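Here's the structure we're looking at; comments come further down.
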Amino acid sequence: MLRTLAVTQNGKLLENISLQNLTGPDIKWFWVDFDCPSPDEVELLDSYFHFHPLAIEDCMHLLQRPKIDHYDETHFFVIHSLHPETLKAEEIDFFLGPRGIVTFHLAPSLEIEEVWKQFQEAAIYQEKDHNYVAYSLLDKLVDTYFPILYRIEDELNELESEGEVNVDIQSMTEQVYDIRAELLRLRRTVIPTRDLLYRILSSDKIPGVKEQHAYFADIHDHLLKLTEMIESNREMTADLRDSYDSLRSNRMNAIMKTLTVITTIFMPLTFIAGIYGMNFEYMPELHTHWGYYGVMGVMLAVGFGMYFWFKRKGWFD
Amino acid sequence: MLRTLAVTQNGKLLENISLQNLTGPDIKWFWVDFDCPSPDEVELLDSYFHFHPLAIEDCMHLLQRPKIDHYDETHFFVIHSLHPETLKAEEIDFFLGPRGIVTFHLAPSLEIEEVWKQFQEAAIYQEKDHNYVAYSLLDKLVDTYFPILYRIEDELNELESEGEVNVDIQSMTEQVYDIRAELLRLRRTVIPTRDLLYRILSSDKIPGVKEQHAYFADIHDHLLKLTEMIESNREMTADLRDSYDSLRSNRMNAIMKTLTVITTIFMPLTFIAGIYGMNFEYMPELHTHWGYYGVMGVMLAVGFGMYFWFKRKGWFD
Amino acid sequence: MLRTLAVTQNGKLLENISLQNLTGPDIKWFWVDFDCPSPDEVELLDSYFHFHPLAIEDCMHLLQRPKIDHYDETHFFVIHSLHPETLKAEEIDFFLGPRGIVTFHLAPSLEIEEVWKQFQEAAIYQEKDHNYVAYSLLDKLVDTYFPILYRIEDELNELESEGEVNVDIQSMTEQVYDIRAELLRLRRTVIPTRDLLYRILSSDKIPGVKEQHAYFADIHDHLLKLTEMIESNREMTADLRDSYDSLRSNRMNAIMKTLTVITTIFMPLTFIAGIYGMNFEYMPELHTHWGYYGVMGVMLAVGFGMYFWFKRKGWFD
Amino acid sequence: MLRTLAVTQNGKLLENISLQNLTGPDIKWFWVDFDCPSPDEVELLDSYFHFHPLAIEDCMHLLQRPKIDHYDETHFFVIHSLHPETLKAEEIDFFLGPRGIVTFHLAPSLEIEEVWKQFQEAAIYQEKDHNYVAYSLLDKLVDTYFPILYRIEDELNELESEGEVNVDIQSMTEQVYDIRAELLRLRRTVIPTRDLLYRILSSDKIPGVKEQHAYFADIHDHLLKLTEMIESNREMTADLRDSYDSLRSNRMNAIMKTLTVITTIFMPLTFIAGIYGMNFEYMPELHTHWGYYGVMGVMLAVGFGMYFWFKRKGWFD
Amino acid sequence: MLRTLAVTQNGKLLENISLQNLTGPDIKWFWVDFDCPSPDEVELLDSYFHFHPLAIEDCMHLLQRPKIDHYDETHFFVIHSLHPETLKAEEIDFFLGPRGIVTFHLAPSLEIEEVWKQFQEAAIYQEKDHNYVAYSLLDKLVDTYFPILYRIEDELNELESEGEVNVDIQSMTEQVYDIRAELLRLRRTVIPTRDLLYRILSSDKIPGVKEQHAYFADIHDHLLKLTEMIESNREMTADLRDSYDSLRSNRMNAIMKTLTVITTIFMPLTFIAGIYGMNFEYMPELHTHWGYYGVMGVMLAVGFGMYFWFKRKGWFD
């Protein structure tokens, strides 16, 4: 689908006018949205708008990393829209020219929908222009990254605050690795976007930026905070993972202590019982009255001796 | 609550005068403090002071990272006040303009209270101005980070100096991970604040900095030291964590040695006893007089043999 | 083998003309390909083309890292062609001069073959020149790196999505280390190539780059994406490796639990049976009617007692 | 204690003259040393020399990191003197002005003592000036860092060269962690000092540096070498620590093999003996003549069978 | 020993002329080699050549890191010659001045010998000068680093390609750590040398570099490749080390499985045999004809039951 929005020199809004009417002298600025376009519509990028073939290639190809390319007067942006649950990235591209903006996306985009509606209000379309459309899209998209990171931080805090007794470490470990993978995926979008904003701010090629410097700096600021949160959370997951390793190793020690205590107490006792279970004809102890009780006493002594030896070594703490 | 402090051209201090009187030609400089302001008072940031909407948004939003934004003649600062125990960060914002300073905080702030009192003394309010208020706040806040780090270093030194015999490694490991988490939290405040000071020092946008360069450089210096201490302590905790892993693994070796020694000594003995416990009719040894004593001798020999073999292999060291 | 391709001032294509005819005033530009050259042909680099001895040395020596060297008007490029399966790198060199390009490779190259054919079409050889040959070779070669990385990512995703029950961790671990080694090898080609493109873009020495800046920037962009994918996948393999370590350690805990439970239940029971297997004459219990049943009851109680104790400690979860 | 040294325009040395005489036109340059000064003497920094309050604060406060601060014509240096055994840092501060140098230290300093004596020789005090005092102090102090690092390297080499048989890994591990902690402490002094020298070399604020550039570059060079040695030794300790982990884990494998071999050989044998120890009335084997010898043969076969099975699996290598 | 080589304005070679004759107007350029000089000869650095005392100090002191220092018209180089087996570094220093070069080494140097011979041929000494001596020495020395790294890579590849069955992991682990230590030592020479070349290339202080830029760039290129190979091999050894840890841990699992299977099968069986080895008078089973066979059947069932339970759990895979 392809839709247009144009604002005339005297501040009137024209919707869905044909592409041919966009370039008239009466048009102050325009916005064309390629919303899941058909192959025929895609053709227009080249045949009508004459965008650079490399930029058109980037629109159609698999997922690009967020970036900005400068082609003479037209600036080509690639941004990511992230699915809040799966973190799957969808590409949103736009061409920012001197007279208007052309957005392009192969999947429906909620963020574009919102900005489109916003620009149907007179207060907005009369005061702002296509440069502000670009800002609004960037701002909206970056704003959607925060809830994702907040959800991840919540999951992480929950993991951290769980008591360490009787927990299923293996399932917690897997959660930690899931979170690490999500942070990695998030970083692959956030870091190039941060660099993109930095390049917007430090370049003087894009005309709309100068007047709206504070606005773009605000997005850059958000991206700095996102980067720091991602790195900091990566380090927290590393610590969590290591602490689970320690806990696991501690439990192993406890298991081995149990095994060793039991073995060390009962092996000598069983051996003693084995001695008096031998069938030698001449074993004087067997024929005494006190033999059985004596051996039982010795066994008790050996058993408790072992027990107190372990106790003194601190194995039961 | 909203309170004001203004100094006239001839060095008189006016307290709690209304906002309307702040801009008169008689006022040399002023300080307005938004101390846990009501929604109506917050409105004044926009309606009376006409601060930039993005800066006002940052005041009201959740915790921002420490930063400085430049809006024409007004400079907007975000700084963190850290709770000494929980390390929870509270945001303190201020707007530094050519004629005065406006501070804003949603929670009560001890540091602002202190500076406020300090500026009620003639010696101060006559010689210094609103730029020095900004310096004093930054200095006070950064000074509060040191006791936190010193406490962490003390905890760490205590952990390090504890003997390694009979200690509860698991609880010490958990303490190490707590300290690591605290250092991480501290770093999220200190590093952006350090960058903020660096930007203050290397920019020439803020008029008060030039005359007080040494003062701001002193704060920057403190932040450099804090950063180094944090990084160095992070590395120390990593070493401590690894040394506990080694210790744990060492103890496991000791446990397994105990188990193996006991098993290796008693299993063959029990087996020998088992042989002479069999009920075969024709077992010549059973009927000899020396049989029992001979077997006991063999057992003793096997037992001590094993013992000395382990001793020679150094398992009892 | 040595082959030539030349385009005259009036747009005619000459193929396989002799080297002597390449420098005539009628020749607009030329391309000479040293395809697995004989030692005699290699001589021509020096005797006919007078290339710098260091560049010729680099052609003949073992594998060089991707790089660009500037010798007066001639620019010397070293690029890698990677075998899609073994990732073995073959070197492709070219000399880009003001009047033509000379390519050199000691192994047959599919990419050069393709570009050679492409330049036999009038539409191409009339519009483009030897600078575009250089671009096309770089573009083709870098494009071949993607399928390799996509295959690695697929292998990695397969590993990640495999269930964690009953898998052979050791073979999966080895796969992870194989992938890590492949990523390392890939990085040794991609990173110097990325730096090479960066130097092409930021230098003004190479005449063809300015007009085709967008084209070279597109290759640089591909290399940035490759770098990020490699680093990100390296981190994923590190996480995978660590998670296998955790899994392995978890299984060890399960094995030890089994051992300990069995030992702890049966050792005391065997000991009790051993007591009543002793041959003392005076053991009153042996002569009672209920003795056998009583001992069996005690054994059942001890066995189940141990079992429930472990159950309560959560060892069977 | 406070002592002075002044050189007159005609090259005469005046010692311990009063502060008031230092500023006369006859004095070419002077050196004042605050050696463990009394509170009254400390006052002079402010009342007589009028140094900047922030610099004076740094003198009195706890340990500062090595740094240089510029206050108009006076340059304030903080350097560390390290205790060769404990690596405890003592602060040595100096103020380098256009007419002289003022050194300040709260603990006695051997290095200052040495330089003081050196400057009592005519050959030195006539040719050199207070800038060379500054250089000499920096040089002396940095020279004292080398023996410390050489000692650490010796300890490390000794650890590395020790055979790996029968060593007490736990005590060696602890030595490695001690060395790591020392390197960390050393780095906290060396790195800021290196940065300080770099700033001296690349700044043109300090008048004496230009003429003595080679001298200051030599100290910087020493600090670069120290930094590299520290980092390289840190990596060596990391490798040593990891190799001890491997060794420990290897020993655990050996212990477990011993345990498993013994258990696997004797458990089945003890079981067989147990079978023929049962008291069933109808066990035909018990009543044959060859029964006992047959069972002993079976036991021998089982035992040796197990033994050779382990041997073939390579457990005894 | 001290030897000289001088070339006259009309291209004649003078060997072993005295130092006094080196500075005559007839001499175009000269080379003086201090080959394991005696203390008297060392004196000449100062008394005859008047080199800077700091440079002379560096010649005599213990091993310096590779570096370049500029003293007016003389440039002082420190380079390392590495022993191919032990990787022990020997220092080779040279002073490059406007009229000649002075080399200095306390140990005999094969590389200097080679270059010396090379410059005795007319073709060389007539066309090239002392600047080319400097280049040749650098080139020769850096070329000797490659065989060392190739040998290390070969050792590493051999380790990698060894099958993972029945190998002695501990000895392989030690080999890996030896290789890591060698790479570390190599890096301590290569990285400062790379920086030194970079400084030569980017500085315009050294007169000979401009004309021979391509030659020095070629050495820099070699050093870049060496650096990359070292880093890449360090990462490979890290992976190898980790994979041995995994393998070791896997073997431990296999050992523990063997132990647990044996224990779990035989403990219950031994217990059953123990029950019927008790000497109670009233144990009805003992007196039945089928008792013995029944118990043997139960034992078989228990044994095989355990066996198949482990089989189903996949412990025998």
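Before moving on, here are some points about what is shown:
For reference, chains read A, B, C, D and E in written order, and residue numbers begin at 1 within each chain.
We take it that a contact is a pair of C-beta atoms (placed from the backbone, for glycine too) under 8 Å apart; a residue touches a chain by one contact, two chains touch by 3 or more.
Remember, it's a predicted structure, so these values are computed and weren't measured experimentally.
Path length between chain B and chain C in the chain contact graph, taken as the least number of steps between touching chains: 2.
Computed centre separation for the pair chain C/chain E is 24 angstrom, with centres defined by C-alpha atoms.
Here the spacing of chain A and chain E, counted between their Cα centres, is 39 Å. For chain A, residues touching at least two other chains, in rising order: 245, 249, 252, 256, 259, 263, 267, 270, 274, 277-279, 283. Taken chain by chain, the contacts form a single closed ring in which each chain touches exactly two others. One full turn of the ring, starting with chain A and passing chain B second, gives A, B, D, E, C. Across the complex, chain A meets chain C through its residues 52, 54, 64-65, 67, 69, 71, 166, 168-170, 173-174, 177, 180-181, 184, 187-188, 192, 241, 244-245, 248-249, 251-252, 255-256, 258-259, 262-263, 266-267, 269-270, 273-274, 276-279, 283, 285-289, 291-292, 295-296, 299.
Contact residues of chain C toward chain A in the complex are 160, 164, 214-215, 217-218, 221, 224-225, 228, 232, 235-236, 239, 242-243, 245-247, 249-250, 252-253, 256-257, 259-260, 263-264, 267-268, 270-271, 274-275, 277-283, 314, 317.
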